[in-house]
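What follows is a set of structures to go through.
Look for chain A in each of the two complexes below; its partner is chain B in the first and chain C in the second.
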Partner chain A sequence: MNTGLKKLMAAMLAVLLTVSLAGCFGNPDTGGTAGSGDKVVLSVINYHVGTDFGADYYSYLFDSFTQTPAGRNVEFKFEEIPTTDAFNQKIKLLIASGDLPDIVLNGGNNITELAARSGKVADLTPYFDADPEWRGLFDELSLEFNTVDGKIYGVPVSKEISYIYYNKELFNRAGVTAPETAFPTWDALFAACDKFIDAGITPLGMDSADSGWLTNLWFSALIATQSKAGEKWMNTQYPSNYETPEVIAAAGQLQRMLSEYTTPDAVGGRYDPMATHFFNGEVAMFPNGPWMIPDFRSPDKAPADFYDKVGIMLMPHYGMEMVPTPGDMVGATDPAKIDAAVAFLKYSTTVENQIKALEMTGLQPVSSQVTIPNSLRASDPLMAQVLDISAKAQITYGQNQAYWHQNVIDAFSNFLPELAYGYITPEQFCAKLGEAALKN
Partner chain B sequence: MKRITLLCSKYFFMLVILFLSLAPIFWVLMSSFKTYSEINSSALSLPSSLSLNNYAAALKYAPIQKYFLNSIVIVGAGIIVTVIFVAMCAYAVSRFRFLFKPVIILLIAASLMLPAQSISQPLFSIFTSLRIFDTKLGLILVYSAMGIPMSFFVMLSYYRSIPFALEESAYIDGAGFFRTFFSVILPLAKPGLATVAMIQFINIWNEFYFALMLTSGDTARTIPIALNYYMSTFANNYSALFAAVIMTITPTIIFFIIMQKQVIDSLTSGAVKG
Partner chain C sequence: MVRNKRFWITLFILPCMALFAFIYAAPIITVIVTSFTKYTAFETPSFIGLSNFKTIFSDNDFLISIKNTVIWVLLQSSFHVGLGLAVALTMRRRPKGWKLLRTAYLIPNIVPTAATGVMFTLLFNPSFGVVSDLYTRLGISSPVPNLFGNSGYAFWIVTATWIFYSAFNTIIFLSEINAIDRQIYEAASIDGATPWQMDLYITLPLLKNVIGTCVVLASVAMVSQFDIIYVTTKGGPGTATLNLPIYLYKTAMLENNYGKANAVGVIQIILGISLVLLIRWLFRTRDKINGDGSGLL
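Let's turn to the complex of A and B:
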């Protein structure tokens, strides 16, 4: 080795080691459990960061809480974890190690039951019992969804709903009259789809990659609106039998939709390109929830006047997905911290903040006591219309991604291409979902 | 004629390799100027303008400068620690007989099979107790430890390809054990050590799981975590993501371009002397 190179390498190594050692002992504090003065310090792991649709709202929520009488004495210590997948991985580790943050935001994935059974989160039932006004904000279904062994562990902040967005311009071009609330039957929707095909327009937005979110929304609606048995099945958590007449019939209709009524890239495609098809006016109907509405006005995503072209309808048979959401929990053990954490959760569910969440993110109010303010009707008529049309739903049901085990959701996504191309029958498709379910 | 055909074939294959190497980088570069709509409408189209808005968005959403520097420190230290340990350990195992040698090799091989998830919880508890949770030191230790088994076997096979005669000659010339190792064997082992360094660089640079589990703030988090800031359910920002990727790979590429002469020289010089 020549001398110059030796010197260069030695210098680089020295700099690297010095910088490494200087930075190695950066921050040994792990918990956020210490109080500073009289302040109560609450640790929070926040996944509403980066491009998350709720990032701005949660930033507002944490900031504004510290301005309230209940929160004036509270200081937050944040750990940011972008994406719910990463968040859920970390929370599961912290449940196992017993190092949960004081406020445990809920990213789904069956975290509530896991945390409750581990005994690492606080029983919030006494707080609900002590404040009937607060408890009255929630319907029984939402609280039951967050109850484990008779104790309430989670405070739900919203409801998840989904329905159909449609492009008014494409409906006019194809000569299809958009129903005021919903197509009365699936046959009526398919008849409309045939008219779109005749007009050279793709009727439906669907996908299969990741979890096949859009196709899952269609499938949930198809099952729930088949019959009373289908409705009951779709309101059952973690079903194990997928070979029922209504699920098989729904899979048959789904096969038809995938092969005849959607874009060629739906099979194997992810959500984003499919949403772009809708924004670009290439697809007439698109199932999704209210969190999509801000995108209609986003200059990066949709054409300037796109918001005005969008209409909303329920699924055929006046069906609508309506799922309680897994609520945020309290991981603190110190009584003062538990009180402060509960105060924050109460604040996050005030009527005012539910409206704020609706306005800023499209998060649907968890409370039926929330009335749509006139300001929202003026500023975001589509969002106001969502609340209006929700009241007209005659069949409400759960959603596969909330009610199925993760491996069944994966199986659904994996076998959709085979169903779409006719390599497997609807019966075989349902059998494969059932096989996955039985592994849990 | 035969010579021209040979020359054409040579350039053809070089162009193919060049295309395969540069096409993904060019694609990411072009995508970093495209809008959400342009990216999702056509993966292969060119951007409508060369606006830097995506780069501004990338800097707004995530602390990528901080995470980039963390990555540089952790990757650099991780490589150095691994190379130092593996160079010595593999040499001892390849050249000497000692008690329990097969067992030690078996144990190192067994550690290759350990899934990261299975050790994350014990590591979390140990790191918290040792107060090295959320520190660069913690991640350097984990990455070095995780990289040693694979690197060990790479170096073991490399040392076995070096003839014993060279060491015997050194001993006959009066060199001791350490002199022989540092002056004769290590220069010959440089290509193997460079391979180990490159494997470690790729593994540590892209590692996500431990960077997430064993940190809680900006002090030690690395680039893969930063890139997650642009991915979210129904709110992916691919434009900013591609801009962030370009910003983070450019310094590394420039570094390798500047240093390539030295790297190649260091691999080829000093292998056989005298």
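Let's turn to the complex of A and C:
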């Protein structure tokens, strides 16, 4: 090859590389437009995939919507991101960059407020106002939870509740009589814990890593059931003062639970190994929501017949977490896409689909108009028991993951080990949470 | 002819410069500019002067993150690099099975650090990890230590997950050692030098430059260390393993305060550049002192 030809080829390669680089910064495919053919293409980032508890239900929801009159001309373009944590991080970045998908599923983490204040999601108030029947499905608290500066941005699809699951076999082995609805007081629960310890059984499932989900559920209940002030505090969004008597007292009780009544790996541990402890019959009581019930029958997660060994009770003092879920939002800007996205969100909240969600995932209906079918009592008695016991709750409260700033939840997770090992006092623990809250 | 040559040089440098501009320079400039702004997930950047820097320097957690980062840099540039050098010097003598050792020592570097983090988390799990098993086998009845969960030793346990794996440095040192003229060692041997004396007076001085390079690489890597800490402790318990990248991540992703996070990023860049300059200066100064190029070791 002569020198001239070599130079020419090298120059062409250099230009090709430069041009292809420039191509990297061109406009990405935005997922189609309202007018591409007859179809409206809606982009969705879906985290209900893989082993997620809602994967099958959301697959059904998206498929069945395209067979309805409102969804016949809609086509979904999915990006899948497993795990809520990774999904939330991605959505936060997209809020900042302004590249939100057309339908923004809501994974919590204060995303509703972030998205609304950024002005990157559609105000859905006119759609609710134009359809009183649809609006009537929701109670005011659920809509208020999804309202920012007087405008509704999210469509809540369920309510979140949590209580205590217990292992009937372990209760029998330790000689502890399970209460019909709830231990009347925390002292009664701790007395039962002492009996479990005497019998060589770990009483409580707890964790601290990630968000410290299980410990968070205990802590929420402890605060809310301390007093009326505690109940009010636990129903307040984004509290800034954590050094109140009821929060400090709850932190003190939490310290005792972490140091005396849980597994050695709870401190620093994640949710999954703790759930495995419960499935393996190594832990007597485990706080969680109804979405865990399908796991009790899953051969991949729990031993055969485990479902029949599980009982349900409320938190002491007949307390139960009951909080509206942060609703799914619309990130589309094209009017035709917004209409299509709202149509999908309406479809996801029909009475039929709320029942379907309950049956398939354990998600509690957001609407009080939903009548639970009798068939559920036969097919899933534990789920039916959840619905029965919910009506007996005397104290209902929010939950830290829904009501606290994200960095406070992180501080909670980080400083739980310090509290558990006695390196800091309950007062110092609460002060740390307060310091984190003030950074927002 | 010269002008023609310059044209070709420019043409060939162009893709590299374009890559640098888009991938490194533009983000770095953006980070520096926005570090002087109030910039959150729902606010466009607005100039606030040095406010972000004042905020982070008054935050005790930030100061702890700098302290931890500096300790890890010192450990990495001394013990970690020193270990890699010691292994390379041992292998230079080609003991029996040295090739197997070289390969085995490299294996941990092939495993992704995130996977290493998960592996150690499971190994040190106080309920079912190896420590728990060891306690059972030895009949120790006291509680199994929660190595990642207790701030009493979490920092050192996290350090242990990477500090011993210095194969990258060993490979660099070995290649440099192999480039040293054999005749120098033969001459020293004839003069009666012991293997230790040959290491001390021949190998180490001739490795001076590459030691400097390894120290720079190790230090800079530690300034940006993130994944294994995130996987094992996320900076906790408390602030026991909090370093600058984790602090930056939390500021950006949990506080949603991008301006403040970028101020942390600027400090991180300054720290990285300062370390590179300091290490280069240290090695250059020793050069001048010795004069004869015999090196610092």
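Methods note: the second predicted complex is superposed on the first by the 407 of 440 C-alpha atoms of A that agree within 3 Å, B and C clash if a C-alpha of one lies under 4 Å from a C-alpha of the other, contacts with A are read in each partner's own complex, and residues count from 1 in each chain.
By our rule, a contact is a pair of C-beta atoms (placed from the backbone, for glycine too) under 8 Å apart; a residue touches a chain by one contact, two chains touch by 3 or more.
Here the structure is a predicted model, which is why all the values come from computation and not from measurement.
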| item | value |
| --- | --- |
| Chain B versus chain C as contact partner of A:T425, first or second or both or neither | neither |
| Contacts of A:Q385 with chain B and chain C, given as first, second, both or neither | neither |
| First, second, both or neither for A:D300, with chain B first and chain C second | first |
| First (chain B), second (chain C), both or neither touched by A:Q89 | both |
| Which of chain B and chain C A:S64 touches, first, second, both or neither | neither |
| Chain B versus chain C as contact partner of A:F415, first or second or both or neither | second |
| Chain B versus chain C as contact partner of A:T125, first or second or both or neither | neither |
| Partner chain(s) touched by A:A209 [first = chain B, second = chain C, both, neither] | second |
| First, second, both or neither for A:P273, with chain B first and chain C second | both |
| Chain A positions touched by chain B in one structure and by chain C in the second | 17, 24-25, 89, 96, 273 |
| For the chain B and chain A complex, residues of the former touching the latter | 35-37, 40-41, 61-62, 70, 73-74, 76-77, 80, 120-121, 124-125, 128, 131-137, 140, 187, 208-209, 212-213, 216-217, 219-220, 225, 228-240, 262, 265-266, 269-270 |
| Complex contacts: residues of chain C adjacent to chain A | 8, 11-12, 14-15, 18-19, 22, 41-42, 125-128, 132, 143-144, 146, 148-152, 233-239, 250, 253-258 |
| Residues of chain A that touch chain C when the two form their complex | 7, 10-11, 14, 17-18, 21-22, 24-25, 89, 92, 95-96, 114, 116-119, 208-209, 263-265, 267-269, 273, 277, 406-407, 410, 413-418, 420-421, 423-424, 439-440 |
| Footprint of chain B on chain A - complex, ascending | 1-2, 5, 8-9, 13, 16-17, 19-20, 23-30, 49-53, 79, 81-84, 86, 89-90, 93, 96-97, 99, 271-273, 275-276, 279-280, 288, 291-292, 295, 298, 300-302 |
